[in-house]
Amino acid sequence: MEKPFAITLDVGSSLANKTGSWRTERPVYVDRLPPCANACPAGENVQQWLYDAEEGGDGYERAWRRIMEDNPFPAVMGRVCYHPCERACNRAQLDESVGINSVERFLGDEAIAQGWRVEVTAPPSGKRILVVGAGPSGLSAAYHLARLGHAVTVVDSGPAAGGMMRFGIPRYRLPREVLDAEIQRLVELGVTIELNRRVTRILDAMREGGFDAAFLAVGAHLGKRAYIPAGSAAKVLDAVSLLRSMEGENPPRLGRRVAVYGGGNTAMDAARTAKRLGAEEAIVVYRRTRERMPAHEFEVEEAEQEGVLMKWLSTVKQADGEKLVIERMELDADGFPQPTGELEELEADTLVLALGQETDLSLLEGVPGLGVDDGVLTVGPNMMSGYPGIFAGGDMVPAERTVTVAVGHGKKAARNIDAWLRGEEDVRPPKHELAAFEQLNTWYYADAPRSVQPQLELVRRQSTFDEVVGGLDGATALYEARRCLSCGNCFSCDNCYGVCPDNAVIKLGAPGEPYAIDYDFCKGCGICAAECPCGAIEMVPEAI
Amino acid sequence: MFQVRIHGRGGQGVVTAAELLSVAAFLEGREAQAFPTFGSERTGAPVVAFCRIDDSVIRVREPITEPDALIVQDPTLLHQVDLFAGLSDDGYLLLNTGRSFDDLGLGAFVERFDVDRCVTVPATEIAREHLGRPLPNAALLGAFAALTGQVSVDSVAAAIRERFSGPTAEGNVTAAEHAHARVLQAGRASHA
Amino acid sequence: MRSQIEGSQAVARAVALCRPEVVSAYPISPQTHIVEALSDLVRTGELSPCEYLMVESEFAALSAAIGASAAGARTYTATASQGLLYMAEALYNASGLGLPIVMTIANRAIGAPINIWNDHSDVMSQRDCGWIQLFAESNQEAVDLHVQAFALAEELSLPVTVNMDGFVLTHAVEPVDLPSQAQVDAFLPPFEPRQVLDPGEPVTIGAMVGPEAFTEVKVLMHAKQMQALDVVPRIASDFEDAFGRGSGGLLRTYPREGADTVVVALGSVLGTIDEVVDELRAENVDVAALGIRCFRPWPLEEIRQALQGARRVIVLEKAFAVGIGGIVGQNVRLALSGLPVPVFDVVAGLGGRPITKRSLHTLLADVLHERIEPNQLTFLDLDRELVQRELHRVSQSPRSGPHAENILRDVGTVAAGSH
Amino acid sequence: MSETIKLYQLGTFAVGNRLLDPDDRSVQADVERSNTLTSGHRACQGCGEALGARYVLDAAMRATAGNLVAANATGCLEVFSTPYPESSWQLPWLHSLFGNAPAVGSGIAAALRAKGRTDVRVVAQGGDGGTLDIGFACLSGMFERNDDVLYVCYDNEAYMNTGVQRSGATPPAARTANTKPVGDEPGNVFGQGKSAPLIAMAHEIPYVATATVADLHDLERKVERAMEFRGARYLHVLVPCPLGWGSAAADTIRIARLARETGLFPVFEAERGEVVNVSKIRGRVPVEEYLRAQRRFAHLFGEQPRTDVIERIQAGADRNIRRFGLLEEM
């Protein structure tokens, strides 16, 4: 074609005009720390495994394996974790938090159903490690150490592995076949578990077994006994023993009316168990108000649904025969309960004490350099006690006593033990800046109310130990996973690629690095950053 | 060159008459040029059209100020426009009326012309009769052919048939032929 | 084939023979009959393939033509008078983009006062819009020029106007020899656009050009239009070979060059002038007529050649530039610059006033007997008394200055000295 | 169940979607997108028109398998895209004049019809001034002849190319270079902003739609829908202008979104003169939030806030909401 000078031009010739020189600010892709991951005591990369799960199908296994990097018990976690991740979730400020816990449970159950397994990733280190206590913390440590190539022996005084997961949490919250399946995975990984064996002197045990290091996680199994005058006929026992005895052949006899003294989750477990054991009346006696109960709201609600009664602002003064003497309390200005002297009687065949638990530190006798504070062993930030080579975690160290915290301790200890054995320190990269809700552009997230997990009908909850809360089906789990806002991390939505008025965003499509800015043409308008749904683009001033 | 000026009112087919006349001449192998006085005349307004007939190419394009023949389609114009301006004493005058020049008070005026060259024809009636509509132009062209001999009535008929078709064409042709015959008779009568 | 036909009809048929693919037009007297006839030919399928666009204004008519031409279609439109002015913006655009559109202008006066009759004010107002401008003196020539115009436009990739006097030609019924389709097809090859909007070979047409290149673009436009001075005569002679009839070209002289007195004019008035020339020559007055058929580009050399032997030149034009005078006259003077040939500017036929042989005889007599001075703006058949009265009345007002009196003198009033 | 899932990946709001089939994704999510208006153009930072034009033409290019020709009116779009010696266009493109783009489009369409190239489609485009004011007659004529042209008006509500003068689309109270920000009637004194879409509908052409650069999927869908029709079609796209509106370059899309969510700019589709689809407001916003984001309305929020004017503008938004049923419950 004959093109008249200047009047007619070749198409696309403006590519010669590099408009990037106009720019005063440049967009830069960033990764921010999602609040969920930040809040997870087990240090799970929650957002990442949700991202994998969003694809469904193979994504489920990828998601599960990603959980397994940090936590060997997804199915258990999906049931017993009090999911602080969901309290931190930014989506809560949009509608409702993402049901992370329910998705995790779905993935855990899917793994059991599909028989997914994990392998040891590292070559054998030749090191032997003794883990005392087969609870969540001990097993978690054993799992991670084994995957790091160490030979691990777990010793537990009890008849079965699981610790509080088995002897503290009722089966209606954690069916045993689920627990067994996930523990079995550890055994298949090569972890040796010796049951019904008590370690009395840790240093002897290590020397005799030729262990290079030890991780102690004996938990806190001794129920606290408050002094309560009790007549000979009075039947008083502590919640821990009650719950443990549920795992034995013959369940305990509690009578028609059971009083549980205490306000923690264990108290709720005890009361609900009593109800299931046939008690016509299970009543929780607590010296403060409901608001001040340490038990989680949902536990209290479920207990009440099942007919458990609550008696607030009350202390047990005395127990004998078939009745308790109760003193009414009132809260002072600081919210502490003060006796009023007003007494009343309460019919009760059994009094269950749920006043917290203590740790048995006897196995540490003779170990030099240890610090003990308020009945628990103090450890450093690397989970090592005052005695080199002896690490500890879970309920026996100062921390919130939850399964998830314990599992987290196990992982952290394992990493540190591994490093210590190599004469190194376990150094983690600094954490990214937290992804705040204000950094999101939530317009781009379509409305999606949280999905609800099914619950067992009441009759069966009151009479059987069947699991109360049901799991999500595949579609719902997928839906729930996709409610994730991917705070602070690109999820390849193509928005930046699409909204740039200068076509200055290049789509690479590479995993983890889906886009790049074409600084030849980017004028720095900032639309990409403003319209990034998840706040993964930052505008940085150009040095001029 | 023979120059014709046609006067009438908008809607009477004045321009068409000039054009038909030029076509008739063309069909006889002669050069002809027809054109209207251009304007935005509407029905009823005075209209003038011109036609030149020659044996050589016609180059001049001025309006005809000194016609050899004058066709007046509507006698009521007599009192409005200077119809006869530029018409020489040996010019032809064809007037559409059922009455005589005397009746119209033109007796004195037409005396300066050759009596054989001044004719009145009731073209409108003839048109009503044969065409069914008061469109006098075809009849007048027939009369013109008889009066001036510039074109034959057959050429006029051919021109009409070229322009129109069906009953309209035939009605106009009949009207033209009727008027033609009538003028010839009148001519013979006047010499008798 | 020769037929007795109205000018507009003849032109419409000639255009149809050129097989335009798009015709877009808006009605305005006296051009209307042409596009009416074309729309009819499209409707009946006689002209096919062809799209007839009945647009909402002349501006749209030419704009649509621009689009159609840029899309590679042979494109035609027609207008007159105010319509041409309403097109003004698009006229420059079409020529600037180099789109070979052919447009008939049925020349007509421009208001105010509103006047629907013939003169050349319309085209003269747009004489420098970059279009090639041809003038027809008869309907036969109008027909022939349209056929040549498409060839010319498409060879140079420039738009061309064919000017024919409104009513005088458009509404005149006279013999015209219309060529056959085969003849025209043989003479006019299918349109092959220089640049075209084609998804197969996309280009950006109509870029914004800044000071760095605008001058060059304009110079190239000028050079391109000047090429027409070679192409127009060549096409005219090709046409004569093909159709056995001389038509078009840059100029024509009647009866021959070298006369003492030459009357220069454009368009249909030339026929009347030729008559007068013959009559005067019969009286042994050595006079000739020079017709300008291509006004833009201005055939300066050819005109200089044609007139250099004359003792006097009378430019008779149907428009004038208010505030200065003759337009064609100025152009002729430019062609004669340096030669001792006096030029008489005569404005005639404004707003449809007939240009009669009588008036022309008077004019020539006045010139030959030196009753008119050269370089004095003369108006043919001017009602001097009326103008004098009016100018005189105005001259009484304190607002009038010496120029008003000069005009009084120009129109021959003697009142000037009295104050 | 999963089919009904409507989240960000499957959502209507984000441009692309890693979980969708490539066919369901936005043209703009495609690495192979045509970039019909490509980089290197001289539009201002954050130009809504540049963004809107690329979406419209890329969608039209896809809908026509690349058989597309564009006619462009004079204005920012033409000036910033074709300064000699560089063009940003990647399709056959013609600029003629300010007021004649619709007629030029008609001419191109006529030529293509005559040449039997009806597979090649025509887009004519211009700004609000070229469309609603100087080009209005040509637009109406093109509609009335129902020529096979998609006309796209990129509405930034004033003459931006010449320095932000009032146009027929300038909304009430908006400050422009030739409307005073002070006095009893600050900003644009008269008019509601000529509603070209309603006028287009009055021509009963096959398809009329409005869209904004805030919902780019919707914009693309409407272009694709428009290309399914033969005859005259009109698409009116709201494209915020950071320069003329006095808004942050990064806010271009947000402001377009606010225009929609306030009800000031109703987003709908009409076929043969009848509204067939309305984009409901997702989260209704008071006009004040929209107005405050733009300096052209700053004079309404001075020492004496012009609550009266703001209320009048709110009333206009409410009328739109009523007239077009922009709220779910309506």
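Read from first to last, the chains carry the letters A, B, C and D; within each, the first residue is number 1.
Basically, a contact is a pair of C-beta atoms (placed from the backbone, for glycine too) under 8 Å apart; a residue touches a chain by one contact, two chains touch by 3 or more.
As the structure is a computational prediction, the values presented were derived from the model and not from experiment.
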Statement: Ranking C-D and A-C by C-beta pairs in contact puts on top C-D
Field: Core chain by centroid distance, with centroids computed from Cα atoms only
entry: D
- line: Taking each chain's centre as the mean of its CA atoms, chain C sits from chain D at a distance in Å of 45
- prompt: How many angstrom lie between the CA centroids of chain A and chain B, rounded to a whole number?
  reply: 115
Query: How many angstrom lie between the CA centroids of chain B and chain D, rounded to a whole number?
result: 66
Length of the line joining the C-alpha centres of chain A and chain C, rounded to whole Å: 93
- line: Within chain D, the set of residues that touch 2 or more other chains is 82, 84-85, 87, 89-91, 93
Message: Multi-chain contacts only, two chains or more: what residues does chain B have there?
response: none
- request: For chain C, jot down the residues that touch at least 2 other chains.
  value: 97, 198, 202-207, 209, 213
- line: Pairs of chains in contact here are A-C, A-D, B-C, C-D
- line: Per the touch rule, the chain B residues reaching chain C in their complex are 18-19, 22-23, 26-27, 31-36, 38-40, 58-63, 65
- request: Spell out the residues on chain D that touch chain A in their complex, using ranges where they run on.
  value: 1-2, 5-19, 25-26, 28-29, 31, 35, 38-43, 45-48, 50-51, 54, 81-82, 84-91, 93, 216, 242, 248-254, 257
- request: Sort out for me which residues of chain D touch chain C in the complex.
  value: 66-69, 71-72, 78-79, 82-85, 87, 89-97, 99-100, 103-116, 120, 137-138, 140-141, 144-145, 147
- prompt: Hey, which residues of chain A end up touching chain C in the complex?
  reply: 1-11
Field: Interface residues, chain A side, partner chain D - complex
entry: 6, 9-19, 22, 54-56, 443-448, 473, 475-476, 478-479, 482-483, 485, 491-495, 497-504, 507, 509, 518, 520-521, 523-527, 529-531, 533, 539
